[in-house]
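Below: one structure, written as structure tokens.
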Amino acid sequence: MQTHQAKRIEIIIEAPMQRRLEEALTRAGVTGYSILPVMGGNGRSGPWSREGQVGRAGGLIAVVCIVRPDAKDALLEAALAVLDRHIGVVSVADCEVLRAERF
Amino acid sequence: MQTHQAKRIEIIIEAPMQRRLEEALTRAGVTGYSILPVMGGNGRSGPWSREGQVGRAGGLIAVVCIVRPDAKDALLEAALAVLDRHIGVVSVADCEVLRAERF
Amino acid sequence: MQTHQAKRIEIIIEAPMQRRLEEALTRAGVTGYSILPVMGGNGRSGPWSREGQVGRAGGLIAVVCIVRPDAKDALLEAALAVLDRHIGVVSVADCEVLRAERF
Amino acid sequence: MDIFALAGQNLISPMVLCFALGLGASLARSDLSVPEAAAKALSIYLLFAIGFKGGVSVNESGLSADLAFALLAGVALSAAIPLVAFAILRAISRLDAVDAAAVAAHYGSISIVTFVAASASLTALGVTYEGYMVAVAAAMEAPAILTALWLAHRGHPASAGPAEAGLWREILLNGSIVLLIGAFAIGWITGPDGRAEISSFIDAPFRGVLCLFLLDMGLVAGRGLSRSARLLSPAVVAFGVGMPLVGAALGATTALALGLSVGGTAILITLAASASYIAVPAAMRVALPEANPAISLTLSLGVTFPFNLTLGIPLYIAAAQRLAG
Amino acid sequence: MDIFALAGQNLISPMVLCFALGLGASLARSDLSVPEAAAKALSIYLLFAIGFKGGVSVNESGLSADLAFALLAGVALSAAIPLVAFAILRAISRLDAVDAAAVAAHYGSISIVTFVAASASLTALGVTYEGYMVAVAAAMEAPAILTALWLAHRGHPASAGPAEAGLWREILLNGSIVLLIGAFAIGWITGPDGRAEISSFIDAPFRGVLCLFLLDMGLVAGRGLSRSARLLSPAVVAFGVGMPLVGAALGATTALALGLSVGGTAILITLAASASYIAVPAAMRVALPEANPAISLTLSLGVTFPFNLTLGIPLYIAAAQRLAG
Amino acid sequence: MDIFALAGQNLISPMVLCFALGLGASLARSDLSVPEAAAKALSIYLLFAIGFKGGVSVNESGLSADLAFALLAGVALSAAIPLVAFAILRAISRLDAVDAAAVAAHYGSISIVTFVAASASLTALGVTYEGYMVAVAAAMEAPAILTALWLAHRGHPASAGPAEAGLWREILLNGSIVLLIGAFAIGWITGPDGRAEISSFIDAPFRGVLCLFLLDMGLVAGRGLSRSARLLSPAVVAFGVGMPLVGAALGATTALALGLSVGGTAILITLAASASYIAVPAAMRVALPEANPAISLTLSLGVTFPFNLTLGIPLYIAAAQRLAG
């Protein structure tokens, strides 16, 4: 099975910042990402949950981005500029991908 | 803490292909996987979101599979056969698991 | 881009055990985690799906925890104590994080 | 109306047909499905409406010692039925002590939708029942769990350790009990005025909402059956049909002793005959994880619930008319 | 009422305005949105209600050979329209065979919401239609897919391999067909009694629910347009407005041949003129993944649906009144 | 009716009791919960219904310059209240400038559910209000945010940089404003005919839906309180009860100046007294991330909202009857 080195970047960020992050990623030349819902969590600012919530504040989303290793830094810089003063967690892990022509 | 080497395989695939992927994984002898919802994303075919959608087309799911290293190739082949002409991203990362007897 | 070593721990556990896991993580000194919904899956106990379900039984959640490497063991022990006789999968992967002061 | 007419008419009611549609659709592997959030919303509506109406009717009829006796009797029934169920299962099936205890817990506890369906059938027949039966239903949810844990621990000491405090809070304050009792209290406090205020929400669409919920239950039951029917031996399936009748007999005896009305008798029989599929499964996952959840759930939702919905309820109403009429 | 009055009145009906609100909100990039689960719940409600009412009306009017003829005619229409649509698209646009086939499948199949909106307009005018048109609608969902796969395979052999068995089960048992036909059967079996039982659920709030659903459709259509309008060439957009009229003409001819009532004629014209945006897109993703889904969906939901909702339906009703009146 | 009777009756209304049930359930740590999608659907329903009804009533009464004056006055109120709130908070509490500004934004803006609850109380009393108050409510959502950002920037320059263009679009086109204004416009355009068409959807179940939504708000408020009550000093809690009264006084003065009816006066007082818990929190997360969201939200939803729901609204209605009666 032919695989290629890549990076899996996971950005957990406040839902109200979603549009800004998406715009920043696009500007940074990221070709693809997927957004997963987060239903709750805990951190220094205390526990939270989406149950019964109507507004977007008080919720996070998880943005997963698989990129070529050389695209990593541009992406992280873009993400960091959006996160800035905001709550959020960014992690980067090595991975391998199939069908590398899609990245 | 006793841990064992394993592979974490993440398959992001179109929702209408879910049944076919599940069947293929089962045929390939995969003993367990979990399916996470994806609420939106962006790629070469443009941005999308599940909001307000009624049909399954126009949505992706994320299938997470933790397997023993030696089961990796069979799984990837099965996944690739289903993905084939379809949209989707497959990534493989090293991980360690507790309770290896469960895999 | 300045990054730091960390561990990404993913605990897939039965939804009715959520509260107990959260309490155990907090007791173990974990400073942050996020909970993602899982919509279905398959394992030795057969396939399942959340569709149309009213009760919490018969559903899993995925708890993602990014921790400093030295916090890993305490977390895993806490998780294992809760998992014990229960269904669930724990995986640990290496990752790097930005903004390490937040962990 | 005689029992066959009642049963026949019941079989072609929109409620039963909606359940059948869901069941058929998922057995045929259609992708028809009700979103989880919508199913939960429907169940919140049904719990709220049935609880509220019960409270209003207690407000109207006034309260007496009857309520206290009925509550006690309900608790006793719920705690006792698992003993019978466990004994039967161990005698006729090969389930081990833990699985048998888990199944027994489901049958001692109750199914609110079965209650709601019986209530709808009674309303259609113009039969009323004691409003406090809603409170009795809530009181019957939990005791069976206690008995079952004791049974499992007896049979297999390692399996059910000392129940932690958190478990009891969780069981007693589970969402459906709290909503049912809370809505009952609100109905009781606000009375007919309150009902008039929200009647076009809780009365008018009630049966239609129930139909959609039964459609969803059919879908879930069918999915369970096609995945897990092979786990159910013939003896276990026989239990799924016979146990409701045993429960019904115990319920009928209790109702007679309490001197309930025809409607109240039918409801208590139905409660005793019904098997939980929401509260108990969650409690079992926490307290008795060794039990295979697919067995009890498939039995409760895939065998006993359809039996009660189609044949059981008309039978229980007919029996109540004989016994208390 | 003449057609201009009808169209004018339609344009300022709550239904159309709700769609316009959704469309405007998403084109202006408001974050207004209906949760996915709520949108699905609304669509389940609409399918159930429209299917059920159709069944009840068949129960009342009795069944004749007409149903069989109408079903056959619907199947034939659905299978034939993609041929016309494909030919037109290949002649006037630059879409390749695969994309053209995918678009053609959408136009041969039907949109249930367009049906529901036409039905609501007819009801408001006091015009009834044959209850079995619901079954005809269900029958028209799938045949177009078959034709389109054949077209794609002819034009581009590699693209659409031999359709696997699973695909057919999936298409024929897709949720909306099963629910529509199932609710139709339930309405048929339970008849006016069943309707009386759940009328305050399926009749009273029907139009309001439709309004909210149209709001959601407007939001989704607007999002599609702002993301993918650039994919639609002027020729393709012209197709999106012209093809409904072609379909309508074919539908009208068929309705005349069948001898349908004014209402039935209006419904069949509407079905033929409408384009799928739920069932067909999912089938195309599985069977024709090379087709760009954004083209067919944006065209169907962003161009043809609003056209039908605003101008088409009044036009089709007026035509039916002329032809069958 | 005198104010004590009004308040007493209000306390035992299904609405208030439902909120209390939710609050009690989550303080007792029950797992009762309303799914997020269902809560959003309920709120869409309420916004649509209240907006639509307001529009219909403007259609009936005709439009005058009053609307423009009321809109301007609403904008001014919303922009001015944060100044007062900020000054009070800085004087009596230890909140820093950023947190105080964030809290002030919530109190300058409005809570639609409080508006809806006041409207339901007025309807129950047979008091009508100017339909355009719905538009005034929408107009009052955003200005407070502007003032608060200016206050924060003054107090702590680094915190609130120059607001980007995107932020303003986001605030002005946020879902609840768009839906409220859109439904208002639809009601205005379609008038009593439109209302007749969908009345059994937007009128009949209105209060019941409101009850379920309040149940959910109670659950969310209780969860917030049990997690974050420790963040609220006694001074801050006092602000949560006192500030609505200050806002109410400002609202009452403005209403007198505008010459509103009794109902309109009660509504404007309520709007001024209410604190946002949906639109403003999201805007604050984007524009003022240094502010602790738990403080403003717990105060707004856990202290001020229950105060307004239980005691505030009857008080505001009584005051309106005195002032404008």
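Order as written gives the chain letters A, B, C, D, E and F; numbering starts at 1 within each chain.
As a working rule, a contact is a pair of C-beta atoms (placed from the backbone, for glycine too) under 8 Å apart; a residue touches a chain by one contact, two chains touch by 3 or more.
Quantities reported herein were computed from a predicted structural model and do not represent experimental measurements.
Engineer: Along the shortest chain of touching chains, how many steps lie between chain D and chain F?
Structural biologist: 1
Engineer: Given that chain B and chain C are copies of one sequence and touch, is their interface built from the same residue numbers on both sides (over half shared) or different ones?
Structural biologist: Result for this pair: different.
Engineer: Please work out the Cα centroid separation of chain C and chain D, and write it as a whole number of Å.
Structural biologist: Chain centres of chain C and chain D, defined by C-alpha means, are spaced 34 Å apart.
Engineer: With centres defined as the mean C-alpha position, give me the chain E-chain F separation in Å.
Structural biologist: Distance between chain centres: 40 Å.
Engineer: Nearest whole angstrom, what separates the Cα centre of chain A from the Cα centre of chain D?
Structural biologist: Chain A and chain D have C-alpha centres separated by 44 Å.
Engineer: Considering chain D alone, which of its residues make contact with at least two other chains?
Structural biologist: In chain D, residues 31, 33-38, 40-41, 170, 204-205 touch at least two other chains, as defined above.
Engineer: Two or more other chains touching the same residue: where does that happen in chain A?
Structural biologist: 36-37, 47, 56, 93-94, in rising order.
Engineer: If two chains touch, include that pair; go through all of them.
Structural biologist: A-B, A-C, A-F, B-C, B-E, C-D, D-E, D-F, E-F
Engineer: Within the complex, which stretch of chain E touches chain D?
Structural biologist: Contact set of chain E toward chain D: 35-38, 40-41, 44-45, 48, 52, 169-170, 173-175, 178-179, 182-183, 185-186, 189-190, 194, 197-198, 200-202, 204-205.
Engineer: Under the touch definition given earlier, write down the residues of chain F that touch chain D in their complex.
Structural biologist: Against chain D, chain F makes touches at 12-14, 17-18, 21, 24-25, 28-38, 41, 124, 204-209, 211-212, 215.
Engineer: Name, in rising order, each residue of chain A that touches chain F in their complex.
Structural biologist: 14, 16-17, 19-20, 45-47, 49-58, 85-87
Engineer: Going by the contact rule set out above, which residues of chain D touch chain C in the complex?
Structural biologist: 33-36, 39-40, 43, 166, 170, 216, 219-220, 223, 227-228, 277-279, 281-286, 289-290, 292-294, 297
Engineer: Could you list, by residue number, the parts of chain C that touch chain B in their complex?
Structural biologist: Chain C reaches chain B through residues 10, 12, 36-44, 47, 60, 62, 72-73, 76-77, 79-80, 83, 89-94.
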